[in-house]
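In the two assemblies presented below, subunit A is common to both, partnered first by subunit B and then by subunit C.
Presenting the complex of A and B:
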């Protein structure tokens, strides 16, 4: 402030002092800037998640030694095993040990069976990832056309049917819907397996046959939500935006106006929720994985918690936190790809 | 470069003296939750090739609704009655497919805010070629050529480069030039400019108007200027129609209108235009009161509550628009005399 006050008017035409060029890394293209920012933000997020999880695991009654030895073990046996598993060290010491190892890339071994945690993750992550990706792909594949058809005539027949279905879908929990799917396709029609997992290694066909029911069960609620959000956004655009009127005044057909102009500008709100949910959904599909006997992350996490297997739980938490941050990063980058105003470094209007 | 854009519009109209656009007894009503809004109440307008008609009025006078009715761009809640003939085609009740063939081809339109009337996520070029290829049987490359030519025609600097740019990379004036290029992409015979220069600064405004008039002459187009700005009408239009509360209240050739204003509302509009001749800081005359509620109009003249010349008859009976002098129509029982200055002739 004093600078402005004391500056003599004669010197005001002097060029302003340039900011130091040390910020060179952040002066790159907006996409790089976003990526760097997100990765830097990821550090406290992932660290915080692991610390809180570690605290919570310690607050739970019992420890891995109790879980391993069962209810009949004597206190001496438990104490001995606890000492062997390093569980008798103070809480903070154990956390720092874990953190130090994790930073060097060593996530430790399972307390339950001494298997490296990375190996456990390596088995579970692909299953969950495939399940979630498949669910999102299915949901979007159906939601986008449904939303477009519904938005073509707001209040019309297709719109009302679509909105009824999606309201229904939002109010039914996915495990209920999963049971219906199993009843119809596995028990009734006998076309798909009710439980079991087939790795992709044994052929894409059998793998997809095993995954399609659980993926559909998860996809249904997502589909309903996306349809509603996208439809509302398109209808809003069609009513309010001047460029829609411009397109109509060109003589462009109403479907083309909807798809080329309205849908294109409506994907942003959809993208935002997809990004948020994608990160959150990895590992939170416990119930569906249990129902369909899929050896995914949800199942692994549940077992880890029951066994008080801190290294396993911690590793899952790290992966899940990374996915949340990663999904946000991809969302931000997609924004830049889809919106030229962001790509060229200007804020969207 | 081959010039595809030829001034052939005049050749396309069979009879050069036949009106391009004839609006007769147009009525537009909007359904709303409470009472229906009767936005346009029996409007007659005629536009000839090569002629500029200015439709002037304040917000809610029905000028924009009238222009949207011509384009069939009113929302579903609107019901349109009366007749809108574009050439010899009746636009009222036209099916969607037929309407689409007309829009862009027979009649083009530009809008108030060029920042909003272009799609922010599409390149200028695609928005322009879209307008071309909807109507003309050109392939991608030919459409591109024509698009660049159109951009040059609206005097956009570096048209070939602009083709690949996005709207946000252009200034307001340049965006409006792009809008003009889009509207003229298929050489319509009629161009409707709805407050096309309102959002622009004064110098840009003049450039855009000069460009519009220039193109109008070149292609012998009919031009409808929708505006609230009497000054703009006075400088650029051949004919002025003043609208109030959904009706035309005065209409005359521009020169006649400016020299012999009859309708007190027009007088007030003219007086509310800032002028350089006035001494600085002189209070600008304003029209007191607000435009009437179109849901419930009194039986008398709609302007009566705000009129300085109002008498008892004005509140009881509505004056019809009539040609009281050759080519000069007005709707007023007690029109202004030639040198009337409002406020000085009060009883």
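Presenting the complex of A and C:
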């Protein structure tokens, strides 16, 4: 009698011998299965992204060859360039050719200096990545503590200050904020350089000195968005969720309830907003790189547009779109890693 | 992608006054507290008044005050005049153009682009979302998937590409921006329509033999529109920021039409000698956007719209 009482009901339900499973990648573990499914789902989205880009760049009115050569080009010159750019082929043929080449890692050559586009991308990518990672790290480092402190007492002093700052930040276009930063730190205090890039190979210190202003300019907007979302979510949980009440009733300290119970669950909404904001983040790198003279993807894109260098612009847009899709995929996978309900294939409540 | 966008209420607080005591403002006491709070909502009339003044200054003032100097035909003899010079209240820029008239003209460009691109996005996106949700089935799935792909794009990048390829002009900037506001409005309209579709009066209309178009136009659209309009204030702010960014990068409206973004970008070269060339248009831009954002938030909190 006592034996049956102490045994947990879940254990007795489990069959003694596990049913044999078919060996294979898909059956290895629920987490792997979910991951594979999500990756496969992302493939059509990436494909769609390349297709939309190609449509936009090729179906817009105006002949690319004319745009490249200027208005006073002779018809023969236009015809020659059109042939070189494959503009004579039907749209779908061109798309399939480009897609086939892209799948083998060939994104074409720059019209400006005939350099392979992949080489140009390879040079620009690390700069942008460093900028984005720095901005992310800065934003999260400041946003999480701010949100927790603000949510500790909704409507209190810290909350009001934090929310006013983030409202302010959401309304300042990032280039305006960047100019103010330049005005204060480069023109006024003369402590940081206003423009220029130092590769990481020439020492981490000088590199960071060049990167810190642009990264802060991007991070500020991110910080505001993250703080607002995280704070709203924590406040919501503190008011509604039973496990918060339980933890409080058990006598858990108020900070611990905030950090260990509420913050942990709010990570999901933070993740969502991080994934969703990624497109905007890439957009802001375009402006900020241009302002601070960083030779990243954004500056490359602008140069490509200015030179009417179609293969380069196309490659940049596709790569940026793929980054956004990839960010969404990673967000999705992180959900699966963090949430046992998704990990084990059960629908989340 | 299975990532759902967060409930809009979590993106911007204020949608749920119960969860967010901050936006509710100080609570007046007394029997008529609720009504009094409605009438004196600071979040509504302060930004509303400022926006009204900005609109008046940008659109009406140049009509009334005919002596306003031209924003582009300044003379180099009058370059770099300090603020409060006779005839030039805020001085002139390095090309001798009057800053006040450039500001007013720039505000007109910003507001025109913001409002028009929003109207287009609201009309096209709203009807698309409403129609998709009303019809349901594969039509809805395909439309929403396509729009999801558009949302996944880094929109500034594409606006940049589109507006350059269409040759820079105000109209093309408007088209490019509105194109990317369509998915957001479609999503909102769809969510609202899905709720409305099950309402009794819609079922009643259908039973009474009303045609689909009549149900959509007479019963669903009037209920979806207020929600979209409230949200569109926030989008006007976003559109103005995008327009300013484009002009800042030199890909926006052509140089014959001064805009705030362009003024900031031109002033950048003189940031150490004349920082006011950057700060004045930046302040205008910021003021407009912050007013639109606060007004939008306050309206949403008031109406309880998502």
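In the analysis below, the second predicted complex is superposed on the first by the 248 of 349 C-alpha atoms of A that agree within 3 Å, B and C clash if a C-alpha of one lies under 4 Å from a C-alpha of the other, contacts with A are read in each partner's own complex, and residues count from 1 in each chain.
Simple rule for what comes next: a contact is a pair of C-beta atoms (placed from the backbone, for glycine too) under 8 Å apart; a residue touches a chain by one contact, two chains touch by 3 or more.
The shown structure was predicted, so the numbers you read here are calculated from the model rather than taken from an experiment.
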item: Touched partner set for A:339, first subunit B, second subunit C, both or neither; value: first
item: More subunit A residues in contact [subunit B versus subunit C]; value: C
item: First (subunit B), second (subunit C), both or neither touched by A:245; value: first
item: Touching partner for A:325 - first (subunit B), second (subunit C), both, neither; value: second
item: Partner chain(s) touched by A:265 [first = subunit B, second = subunit C, both, neither]; value: first
item: Which superposed partner A:253 touches (first subunit B, second subunit C, both, neither); value: first
item: Contacts of A:85 with subunit B and subunit C, given as first, second, both or neither; value: neither
item: First (subunit B), second (subunit C), both or neither touched by A:142; value: neither
item: Doubly contacted subunit A residues - partners subunit C and subunit B; value: 239
item: Of subunit A, residues touching subunit B in the complex; value: 239, 241-243, 245-254, 260-261, 264-265, 338-341, 344, 346, 348-349
item: Interfacial residue positions of subunit A with respect to subunit C in the complex; value: 38, 41-42, 45, 48-49, 52, 56-57, 60-62, 67, 154-155, 159-160, 163, 167-168, 170-173, 175-176, 179-180, 182-183, 187, 225, 228-229, 231-233, 235-236, 239, 269, 272-273, 275-276, 279-280, 282-284, 286-287, 290-291, 301-302, 305, 313, 316-317, 320-321, 324-325, 328-329, 331-332
item: List of subunit C residues in touch with subunit A within their complex; value: 1-6, 9-13, 16, 18-22, 146, 148-158, 160-162, 164-167, 237, 241, 244-245, 248-249, 251, 264, 268, 271-272, 275, 278, 282, 285-286, 289-290, 293-294
item: Subunit B residues touching subunit A - in the complex, by the definition given at the top; value: 71, 73, 75, 96, 100-105, 108-109, 111, 113, 115-122, 127, 130-131, 134-135, 166, 168-169, 179, 182-183, 185
